[in-house]
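When the chains are written out, they are named A, B, C, D, E, F, G and H in that same order, and each has its own residue count from 1.
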Amino acid sequence: MSVADEFTLDFARPERIGLEEAIFCAGKSPDQIDAILVAAGDRGASLLLTRLDPEKCSRLGHAARLDYCPVSRTAVFGQPPAVAGPARVAVVAAGTSDVPVAREALRTLGYAGRAATLFADVGVAGLWRLTTRLEEIRTHPVVIVAAGMDAALPSVVGGLVAGAVIAVPTSVGYGVAAGGRAALDAVLASCAPGITVVNIDNGYGAACAALRLLNAASRLAQEAER
Amino acid sequence: MSVADEFTLDFARPERIGLEEAIFCAGKSPDQIDAILVAAGDRGASLLLTRLDPEKCSRLGHAARLDYCPVSRTAVFGQPPAVAGPARVAVVAAGTSDVPVAREALRTLGYAGRAATLFADVGVAGLWRLTTRLEEIRTHPVVIVAAGMDAALPSVVGGLVAGAVIAVPTSVGYGVAAGGRAALDAVLASCAPGITVVNIDNGYGAACAALRLLNAASRLAQEAER
Amino acid sequence: MSVADEFTLDFARPERIGLEEAIFCAGKSPDQIDAILVAAGDRGASLLLTRLDPEKCSRLGHAARLDYCPVSRTAVFGQPPAVAGPARVAVVAAGTSDVPVAREALRTLGYAGRAATLFADVGVAGLWRLTTRLEEIRTHPVVIVAAGMDAALPSVVGGLVAGAVIAVPTSVGYGVAAGGRAALDAVLASCAPGITVVNIDNGYGAACAALRLLNAASRLAQEAER
Amino acid sequence: MSVADEFTLDFARPERIGLEEAIFCAGKSPDQIDAILVAAGDRGASLLLTRLDPEKCSRLGHAARLDYCPVSRTAVFGQPPAVAGPARVAVVAAGTSDVPVAREALRTLGYAGRAATLFADVGVAGLWRLTTRLEEIRTHPVVIVAAGMDAALPSVVGGLVAGAVIAVPTSVGYGVAAGGRAALDAVLASCAPGITVVNIDNGYGAACAALRLLNAASRLAQEAER
Amino acid sequence: MSVADEFTLDFARPERIGLEEAIFCAGKSPDQIDAILVAAGDRGASLLLTRLDPEKCSRLGHAARLDYCPVSRTAVFGQPPAVAGPARVAVVAAGTSDVPVAREALRTLGYAGRAATLFADVGVAGLWRLTTRLEEIRTHPVVIVAAGMDAALPSVVGGLVAGAVIAVPTSVGYGVAAGGRAALDAVLASCAPGITVVNIDNGYGAACAALRLLNAASRLAQEAER
Amino acid sequence: MSVADEFTLDFARPERIGLEEAIFCAGKSPDQIDAILVAAGDRGASLLLTRLDPEKCSRLGHAARLDYCPVSRTAVFGQPPAVAGPARVAVVAAGTSDVPVAREALRTLGYAGRAATLFADVGVAGLWRLTTRLEEIRTHPVVIVAAGMDAALPSVVGGLVAGAVIAVPTSVGYGVAAGGRAALDAVLASCAPGITVVNIDNGYGAACAALRLLNAASRLAQEAER
Amino acid sequence: MSVADEFTLDFARPERIGLEEAIFCAGKSPDQIDAILVAAGDRGASLLLTRLDPEKCSRLGHAARLDYCPVSRTAVFGQPPAVAGPARVAVVAAGTSDVPVAREALRTLGYAGRAATLFADVGVAGLWRLTTRLEEIRTHPVVIVAAGMDAALPSVVGGLVAGAVIAVPTSVGYGVAAGGRAALDAVLASCAPGITVVNIDNGYGAACAALRLLNAASRLAQEAER
Amino acid sequence: MSVADEFTLDFARPERIGLEEAIFCAGKSPDQIDAILVAAGDRGASLLLTRLDPEKCSRLGHAARLDYCPVSRTAVFGQPPAVAGPARVAVVAAGTSDVPVAREALRTLGYAGRAATLFADVGVAGLWRLTTRLEEIRTHPVVIVAAGMDAALPSVVGGLVAGAVIAVPTSVGYGVAAGGRAALDAVLASCAPGITVVNIDNGYGAACAALRLLNAASRLAQEAER
């Protein structure tokens, strides 16, 4: 059996669901990832790679062809579309330690050609840090909020902004917060209505949810025009 | 201390976040709920009541003024706006036992004047039940999927439709599925990108998330027009 | 063996730790509770009873001698000291459903002769409900905050007030919030520094912690005077 | 006490239950494993070694006598029977990251002389990847499905094929999926009837279950002939 | 919306996967179940109903047309095939309290026309109870073992019989055993190779797994004949 | 199939392990229990019944022949040996609410003819309650300690007495203590060396462990004599 | 985006809540920490750094300007106030392994200018170690108790001293105690009234809670004076 | 503060509870351990050290004075009593991977001067391995059983031997067995009566429990003589 039998790229995905194929690199060997890059290159396709840690990246034969970001552990292969248009998505990080997850979301949005704005370290322990930036956040119809520990920020944001709110619990914290289950449960149990949630540390998924939402909005706008 | 000191209605909510005040009735006494209804009535406001079980409803002094649905355990007080426009939200229930949660979502959308369509018992154990209705589901830009047990349906739907997908895990099931944590974890860990999640059995929250999304789409459409 | 062999009242407790003996009634039979009341009565002692549900209370032989509150499920036996002095403790309830726990704290403080103020339904989903009452809360050097679901309120309060903050997670909520573990973990993981926590629904314990603190403050004040 | 007192090989196992003795190497020291190999060699027996990581393998005195596969962390000692007959078992891996577990199953089947076919990266996020290979999978009366994350694939396969389905949840994933409990619970709670499950990452156990099943089928066929 | 929109019967199931449609009654209302029975009756189909508790059964309009077993909480509607042939499946119950789960398996097998034998109260606390019946158990190529508490029996049986072993952990027990998670984990972690597992208390699923296996064996026998 | 096929009494148990057969009644139907009593009566055997709640006891046909204790939910059938000799076992209950579990242990010891002493409500919140009775407790070579909530008492006792200490965590408590897992983990993690533990609320098992120990001591004494 | 956008220091904190800004270093990169130190230095502010492990500390550009303690993994930057006044806080460590957590509390108190006393290895397995130091502990109005494993010490202390008791469960232990959840649940479920709790290993938080309390006491003393 | 303030040796322990002081080395620094050894040496006392991993042992200043066993990670300091008398304790290890835990128990018993016998790799997957050694095991009045994974062995042993049975669940295994919670719950839920349990991997604690039991037996024998 060869490595080529071990993957099946889904190039039909954009047409079907409006999102590009992406490669989750955790659990994949460098050989497998290299083979995937070759297959995509042969087709002239670009790819987003997630959860690619620096050590594994350095062991790839095709590392030189990647645009790699060690903070978010993401890499871009090939030439995705250029970022264009106004920022429709605010990416809010409760603390400085939540920035890597926020950057994964930003990189995913950028790979899809969407502009976004980062708001970092605006957690509720010092509420003024949020309120001074609230008006600016409100200009974005979609708000992604990454927060660990008690994850109180998404609830507070959800009570203050009218846009769609996507919470990303992070694994930042220790003791009961370690691993992110406390943050996850807090955002799922949020007292602010209509907050949605993705898996712990899943900045990629939050960005994809934002893209689905923006795509749906575009479609609704087109239907309204007719 | 009187019961009137025990609640503070948030009538400013629609203006702030685009969603109406709603009353979560679990843990509230009939006295408290009656007092809340009086306060809303005095103001000429309507209210949505959730998690109101039949026994407690029957003990309310103002029960006769409610439009009550025992399946979804929701009640409407006052005169909300009439439902208008095409159905923008598909509410998909994996099994017949998931219907009460689906109906909570439908009632919440209806209370906000939004049309929606129910698709029931289309779980993956018999995949043809889904595929025969897929085109119809795809006509809705927002898809809420309620599923218990293994909650495989949201992943399959998420891989087939381009719209926004909001998964509601339900507590349907027994053994490891009892309580809904297995379903919740499955949808959070979905292999289909961009699925968002709300709390177990939270049909109300899924509908609110859909409303936030539709509101954001309206705003984007207005900005595009200008 | 007789029921009298099954309990040992700790009348030395006030002298030792500054708190009165109290009777946790869950898991005790009416016979046991009646025997305890007789023993206390024989000594001329007063008692606070907690977790006494209405059905069990009605089965007590000495129910008529109790000052019973069904909301907090507490009862007072005998003549505790009268409440005196300014309110040093604010008891804040995030939602209306958290009021029973808040009242257990208020009753315990009252039993010890301490005044306290209730602030109800000021959760973060509508932040204005908190901010409009913030100055009044700040006049109390000790703040007890009872909150269920995501329990975001204690973190927000902890970032805004200088006093001692004691969080009581409550079991209010469903899905991941059911039972109160999500609320508990959120407050333990709070990003606001110096918040302390007691067991889920433990209004009694929060009040005892406040009493220990007020006793310690009195002692410090006396030492400062010397 | 010597190392020889620390193990008791079960050479009577094939006769008793139709499965060969195998050595679970996690938690065993290189000294213990070497002594086991000597004991098997003295008897002219072959052995399958599982969970033998590369570092420990390199520290074995008898490493040179092993046929070692680092992907599946399995080793074969001695001369097992040659693989013969048509492939009766399909080993389906939901994603590329599930391949190591799938290979452990394939190696175990091969050690027992049974042919099997690998189907990799056919997860439900792109359902066409499964449906295009479905007819080929259906030619195998036994289907092992290895899947991590939400483990939706076994449910979908179970609703589409008539053969015996053995699900192996894997530890692939992060956040709520880390460790494989989410995948395990999903397959146990499957809405497709008659799916059986083995421990997380237990490719070896799934293969043994397939062998038990094929042995039972042989026995039934022999009885039918008579 | 009517009740008829809330279910979609899967009459194509036997052809597709060799198992009859069955109705999981927990979470379904009497109205829903009655409507399902009517739909099946209209088609001349028979149905197996599971998890139908006595109180709900008594509230069905069509209760009189059911063959109901309160111990296993199963009901048969219509005329399934008669039971025929030798018993191929042994259903072993570790304790007397595990009998209801064992009977659910027996009823499901009987509904499919398959004979089976019950072996009850043969748990390992008195090993002679198992060993005296071991030869008889061994005559069955498929062995279902229902066990709660520590669920040690499936491991012991798995080490003694060559047939396929399907373990059903039960919720029998208290303390750490309550709910069946301890039993489930024990059988998943079994030291005996090749044991498969179904959800807690899932006698129905164990029987379906046995049916899949017997169907696969029949198919293999037919292929061997050719 | 008849009820008689559903149990297999283990009358060989005393000879084999020195403990009498006992019947765990949870999960057994009144019909099953009655049939077991008849079978024991036919043999002239006595039986201990545990976890027999009052409602089920009242539905037994043979209830009148039982010596029933509703506090411990135990019943004795037939004529066990008379209690004789000095009390070798101290049964210590941390709180009054732990008495039912303590009584289950006392009843089990009494059924085996062993004397024991109850020490109730001596928990560590008022340490003097323990220290005033410590010398008396020390006269017993075996000490069973039943404790719920934080279960600190077994650790304190284990640091003060030289005898064998068997801890029984109880389900007494609420919040994190509900169900007894907190108490169980505390006693398993005890900082006092050599404490052993049984399942939550398992007074019966603690008594059986004490009996095994006293039997072992008798055997050692006999060997020493020779 | 630059690192400077990734943090927002809260220099208004002391005025607002009486506690200095502190930097939680886990999850922050050396670049981020260095930038924070520069920002504080520019302002002439001092900072407390927590959870700064030795390896990361050595990678800081500004390590030489820190007063670093590897046992507690804390560092002080700048010139905090000198420690003054009598020790008001006792920091009690149940075992020697709990000392690092105790030292984090001591360092935090010292950073705020508060004196405190350490009492180490006084756990309940040898109760005399506590009782011989009890009078000295009682001279402190606030008692922090750090304990892992079964965490029985806070309950015993809480029953013996009248001051405020803040329990810090630690992650010391193995098996059920690993990670500290057993210790946490034990202190939350304490049978001694009025004990408060902070997150596992959170010596910093316990000290902050003590500071809030001492601040509240000062305020009360000032009010009493007027 | 010096290291000497960080420990308090409990040399009064043997007199009080019949067990020697022992040092749990996990979480202690080499400096702390060295200081403890000096303090013991100054007193002429011997010490048992547990959980001392090889790397930390090599960093001790006094390593040369220790009798160190890397398999069990125990060390003996000084001159404990010589082992004497017949083996009263059987230490049974279910698998070869459980031997380290079994050896910790053996070393602890040997340190106390007690003889014991090891029975290794006699798990229930091959029951003959147990039954062939059963008579020899039965000659020991106390039986310690170390078992991981499903931990079925203690239940089987408990049903076959009359002596005291102390189960030590081990962390051997993967998936649901990882960490040992599955094994722990299985032995706590054992269907064999009177089995006692200690913490996961706690060979030391099991040996201490055996010593308490042997001490109690000696005392009973002495009382019987009088």
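Everything that follows uses one rule, which is that contacts are C-beta pairs under 8 Å (C-beta built on N, C-alpha and C of every residue); 3 or more make two chains touch, one makes a residue touch a chain.
Computed from a predicted structure; not experimentally measured.
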item	value
Interface copy of A-C among B-C, F-G or E-F, judged by whether over half of the contact pairs recur	F-G
Contact-richer chain pair [D-E vs C-F]	D-E
Distance between the centres, which are taken as Cα means, of chain D and chain C, whole angstrom	56
Between chain B and chain D, centroid-to-centroid distance (C-alpha), Å	43
Numbers and ranges of chain A residues touching at least 2 other chains	16, 95, 125-126, 158-160, 175-177, 181, 184, 188-189, 192-193, 199-200
Chain F - residues contacting chain G, complex	94-95, 123-127, 149-152, 155-156, 158-160, 173, 175-177, 181-193
Parts of chain D lying in touch with chain H, wherever the complex brings them together	1, 5-8, 10, 12-13, 16, 24, 26-29, 32, 36, 51, 169, 171, 179-181, 184, 199-202
In the complex with chain F, residue positions of chain E that touch it	71, 93, 95-99, 118, 120-122, 125-126, 128-129, 148, 172, 174-178
Residue ranges of chain F touching chain H (in the complex, touch as defined)	16-19, 22, 88, 141-142, 158-166, 184, 188-189, 192-200, 204-205, 208-209, 211-221, 224
